[in-house]
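Presented below are the structures under discussion, each in the form of structure tokens.
Paired with chain B in one complex and with chain C in the other, chain A is shared by the two complexes that follow.
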Partner chain A sequence: MNAVMDPVEHYRALVDAATPLLPGAHLAWLVEQRERGLEHFLANGFPTRKQEAWRYTGLERVLEEAWLPQAEAVVNLAADDLSRLWLAPKAGARLVFVNGRWMPALSTPVDAVPAGVQLGGLREALEEEPDQLSAWLGGAAHIEASAFTALNSALLDDGAWLQIAADRRLPAPIEILYLSLGQDRAAIHPRNLLVLEEGAQATVIEHYASLDEAPSFTNAVTEVMVGDGARLEHTRLQDESPSARHMSSVFVRQAGDSAYHATHVSLGGVWSRSEYHNRLQCERANCEIDGLYVSGERRLADVHVAIEHAVPACSSRQRFKGIVLGSGRAVFDGLIRVQPDAQKTDAHLSNDNLLLSRDAEVDTKPQLEIYADDVKCSHGTTVGQLDPAQLFYLRSRGIGLGEARRMLCLGFATEVLDGCSVEGFADRVGERLRQHLEASPLIRVNEE
Partner chain B sequence: MLKVTDLQVTVDNQPILKGLDLSVGAGEVHAIMGPNGSGKSSLAHVLAGREGYQVTGGEVCFDGQDLLALDVEERARRGLFLALQYPVELPGVSTMVFLRESLNAVRAQRGEPPLDAAAFIKLLREKARLVELNPELLKRAVNTGFSGGEKKRSEILQMALLEPKLAVLDETDSGLDIDALRIVADGVNALRSPQRSMILVTHYQRLLDYIEPDFVHVLAGGRIVRSGDKSLALELERRGYGWIAGEAAA
Partner chain C sequence: MSSNSSEVSALIRREYEQGFVTDIPTESLPPGLDEQVVRAISAKKSEPDWLLEWRLEAFRYWSQQREPQWAAVHHAPIDYQAISYYSAPKSRPGPKSLDEVDPKLLETYEKLGIPLAEQKMLAGVAVDAVFDSVSVATTFKEKLAEAGVIFSSISEAVREHPELVRQHLGSVVSYRDNFFASLNAAVFSDGTFVYIPKGVRCPMELSTYFRINSANTGQFERTLIVADEASYVSYLEGCTAPMRDENQLHAAVVELVALEDARIKYSTVQNWYPGDEQGRGGIYNFVTKRGECRGARSHISWTQVETGSAITWKYPSCILRGDDSVGEFYSVAVTRGRQQADTGTKMIHMGRNTRSTIVSKGISAGQGSNAYRGLVRMTPKAENARNHTQCDSLLIGDRCAAHTFPYIEVRNPTAKVEHEATTSKIGDDQLFYCRSRGLSEENAVSMIVNGFCKEVFKELPMEFAAEAQKLLSVSLEGAVG
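== the complex of A and B ==
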């Protein structure tokens, strides 16, 4: 343990050391963003539990270690080593990052990327074609969202850049893999930018994984712009090692008649928090976020979703399920905010949780903030255990208690995962979930 | 096959079964009738091992084993099958996975190798025809969105698949229209064999028009108060349960 006496000072020193090495130092707009990020971070520091959005989420697990930025990753990886990690065997293109750094050798070569698609590392793009980025980068993320977004902005360096030209409809998913490996206490701050121009359609997968058990701290920010009439299917899996700390913040801006559908899955890490900040800013946009989080022994899985209806006639849905094992903890905070002008809003939120032991705990907090009067909004949350009648039914067919419990948990998760259009994704996550369940001691609750 | 001796059961300290005796031989079909609240369904659930029933006395011997000493799943694997009055929906649990897992658990107990996917699907389709169950339903989650009749047919399909030694059918006729009842009864009749015993728990005689029992028992006040052949069922249909309860009290 390297107890960090003053975390803010630690990160200030890291930013100071990193700044001369960041790309695009000659770009005033970029430098300004970094400076604003640092200023906000220094002025506010890390959040404490006194702040409502952090009330159930302590930062001890993140701040206790002196995470360090990574030099160029030394990796002896071949594309074949990664094949078991692919979520979409038929991906149209792939992008691989190791400890936050784009690895062109492991990614789809530029000339093999489908026409009308820009796909590559942000760092290189900032050096070579910054004008293409200036219109978008920083346009969705707001630095004030949290210390983590501010810090990510102060260190804005590398990540995925994907831009899809107007009316391009990609039949196959684009898969982005973020690996942490080999370096103890690696701090990784990926910054991703996904832009779908007018009428474009795509499926994008973000997959965060570890190749070993070394502790790492990922602080990712993904900015998403969905243009007029564009449709994005956004599939995100956080499946890092049991020692990982993972923070990710997604910021989505949607134009008129656009559709954004996310399937979010948090499986790994000892501490993880995923935030979605979606803003519906033009009429008839639709936003749906489905998700699953799994927490276990001495772990925390936290999901925060905030959907803002700024204009009339948009629809949104949040549907999250949580499974908490052992002494695990989970947090779900879902907000629907309807601005005064946003009449005819149709917004719904549901959150169902399964606690599989007496020590498991979930804090669920649905929030409706409605300032318009002609809207349809609802929320519903449940916290429960496995149903004894369902368990009896399975056992009365010869299925053992442990397997019966696993089948019911997987069934519970399936209802969310089946909404994902990436072929095989539900099965893949189901397999990983099964491993978590098999590794967890099953304590009976209210079953006898 | 099954020998129940002086079985006493309580639920929340309330006596439900008060010294029940029942003997079912191989290949026999027994009907257990009785008024509401007489303990018919409790008997079915106690045999299957459902939680919430405390056995305070008596014995149950099933195929040479002490049934009450076995866990729910052990009973099922050794050939006891309970068709539920209200089959449970399992949202998100694939019917195919459920049935295959179940069948392979029972096969393992019998010392048989697990069926591979192709062999399983072939067998399943064959059995689904027996109960005229639309194979499309098998692609859904277990019992989810099934009609009442489809749920009952799905129970009989499971019974056909698992080939139990003893099947206990709890109010399988309840909620079925006449066509569905015929289909379910045809399925049950097709599964009658000299090795397979059945206990039909039912409130009405109607089911027995379709499935002819070898023995009929009347359960009242937690005990079997009268036993006979199928003519007893007809007499109950004509006279109701009152006269027997009166005789039993006398």
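== the complex of A and C ==
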């Protein structure tokens, strides 16, 4: 391990090395964004546990490695190699990234993409048709959200670029696969931009996976714009290797009468943190986020959700479940903020955790911050174990203890997974979850 | 609801009932804080060396600290050098009975509705009335002495029971605990000391009325309650303050120690001057309250009704060290005008089978801001520990704010933690139901709000429950959004 002496210096060097290679160097608006990102990063550095949003999340696992700049991955992959990774058998279009770089050869060809859909790599779009992007890129992500968003902006390079024309309703999901290659030791900074124009409807899957077991570091930012009356079903799975470091930040802007539903699943990574920053900025927008996070042996799974009700008559719901095994740690922080005059807000949050081992830890912090009076807001949180009566029931039917535990854990997760409308997703993730559970000794707890 | 708005605003603007100033010459130290002031306070109280040393250590520690910024409250910076740290009413030293007490003082208490003499007969409540910083009257001493209960001002306890005080003072809230606790340790002027001996059930409810009187005098009370094995005590604290234009700082420390099988019930009704409509004046109430369930099966229960103060910043907490110990926190906090409250509790579960319950009701009206901030921590040794938390906020008016910031940290796989919070305004359907039964809007709201707080009020001793309800209706009756 090359211990990094001064992480901020290290990343500054990384940015300096990468800057000449970034696309769109002639675009003043883009250069300005990158500079602002770097400036904010250099001025504030990495967060410490003294900052409220990071009080339960140390950065040691991320900063202990000297990651290298993102470069063209040398990997020999054929489309068939990926078939085992596809989550939606009936996807309408597919996009593949390796180490943050778009792989057109592995993706759906441009002419096969459904009509009214613009789908491709951000890097290419920035070189060829930047005017289309200038209206959107950077419109949702705020650089001040964290050092990671700032860094991602400073290194804004490649990622998925999807735009769906007004009133286009896509029957089949669009699947985006991000593969990381740990052997390259690269810090990967994908930037995704999803734009749904008025009345458009789509399902988008983001799937992060590893091609090897070596440590990798992904720092993804996804910007989502949901236009008037548009609907987005956003399914996100992080299933990287057990040594991966994964940071992802999603920024959502919702217009009037729009609907955004996310299903979030964090399974992998030795250190993973996912942030959602949703802003309901026009009336009657609805936002729902269902999530599942699983943490195991010496791993950290962290989820931060902040939903901002900026205008009246919007509704939101967060429902997160966590399973913590071995010596794992899980952190959940969910905030509902209702701004002055955002009357008739209806916002709810629930967070349930299964703490299954003596060495495990859960830190949860649901928050309400409310500046309007005609609102209905609530949150509920639990931390507990499997119900001994349910275990007894299963065992009295001849099911072994380990299997009974796994069944109950899978049942616990089902509520979240079943909310996802992508066909086959629940089964697929359920299977992966089962593998995680089987790999972890479920310590005997609360049994007698 | 506009027909009602004039009544509403009339009620919201209602003047502070207890706002009057008693004109009694006081003996104060000049404003400012340095080692000399700490020494002077200690000398005035003829304190032993160990206590002076402790104060000085606290002062030195405090001097290196910075004021905390994390609470959801806003106020102008406090100039700690502009405060006078000691003020005592000039009275003959050590009054032996009520007759010796300055009649003007007694009159003040009468106005506040604390008829000392009457209470003696009727309620059976012993009142240790604290006027600014020095105890002026202590009743029922003999009766308590019979039971072996020590109930005195802390300065008196330092003189008469130095070993007890020395053993426990600062053992729950160290002078390094936080900025305001350090300040308090350095300059505390008086407060209450209670000791309940083994196996004794305190024969009456103990009560102290605090009252801030001199302008520019921060009050730094220190309360220490020690309940020895298998004893029981119920302690009532209530406070009012006269109207003043300048913010007054109050940084009290309350420490509770419950040994094996002991039980302490601590109830507070806080109604200090909240400032005027523009947010001028009013008390800054920055309090550190903590109880330690040191012995097995001990029990500490905090109940508070917070309606006063410009800013309230307090988190009565329980450290559940003993096995099978129980911690409870019941709170009603009302903010209106420009009041701000950041309050809640900490439940630190360390022993096996420890249990805690948190019920917090926040009511925000006008431009009031109310935050619940709480921590529930299950340490690895807290086998089978349980916590249930319920936080509800009621919003009245579209300029108020209500926040909930719970922290839950669990490191034991047999622990169970449940937390729920809701925020809403008074339901139109609830109001309609009551009104269709012939209740006026005001009565309906009062009834709904009282119902909202009932869970907490029922934890209050009889004497306080009535006062709490009265305070609540004064603050909020008819305030319909």
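One rule holds in what follows: the second predicted complex is superposed on the first by the 446 of 448 C-alpha atoms of A that agree within 3 Å, B and C clash if a C-alpha of one lies under 4 Å from a C-alpha of the other, contacts with A are read in each partner's own complex, and residues count from 1 in each chain.
Keep in mind that, in the parts below, a residue touches a chain if its C-beta (ideal position, glycine included) is under 8 Å from a C-beta of that chain, and two chains touch if they have at least 3 such contacts.
Note that this is a predicted model, so its numbers are computed, not measured.
Sticking to the clash and touch definitions up top, decide whether chain B and chain C on chain A clash or fit.
fit
Examine A:I399 and indicate which partner it touches, taking first as chain B and second as chain C; both and neither are also allowed.
First partner only.
In this superposition, which partner touches a larger number of chain A residues, chain B or chain C?
On the superposition, C touches more of the residues of chain A.
Taking the superposition as given, does A:Q390 touch the first partner, chain B, the second, chain C, both, or neither?
A:Q390 sits against chain B, while chain C stays out of touch.
With the two structures laid over each other on chain A, which partner does A:L410 touch: chain B (first), chain C (second), both, or neither?
First partner only, chain B.
Touch check for A:D374: first (chain B), second (chain C), both, or neither?
second
Let me test your reading of the model: by the given contact rule, A:N286 touches which partner, first (chain B), second (chain C), both or neither?
Touch status of A:N286: no partner.
State whether A:T19 touches chain B only (first), chain C only (second), both chains, or neither.
In the superposed model, A:T19 contacts neither chain B nor chain C.
In whole Å, how close do chain B and chain C get at the C-alpha level once superposed?
Value for chain B versus chain C, nearest C-alpha atoms: 15 Å.
State the interface residues of chain C toward chain A in the complex, per the touch definition above.
The touching residues are 70, 364, 378, 380, 393, 395-425, 481.
Over in the complex, which chain A residues touch chain B? Could you list them?
So the residues of chain A in touch with chain B come to 387-390, 392-401, 403-404, 407-408, 410-415, 418, 447-448.
Which residues of chain B touch chain A in the complex?
Listed in rising order, the residues of chain B that touch chain A are 48-51, 71-73, 75-77, 81-82, 84, 87-88, 90-94, 97-98, 101-102, 105-106, 109, 141, 158, 162.
Give every residue of chain A touching chain C within the complex, in rising order.
By the definition above, chain A touches chain C via 52, 340-341, 343, 353, 355-358, 360-385, 443, 445-446.
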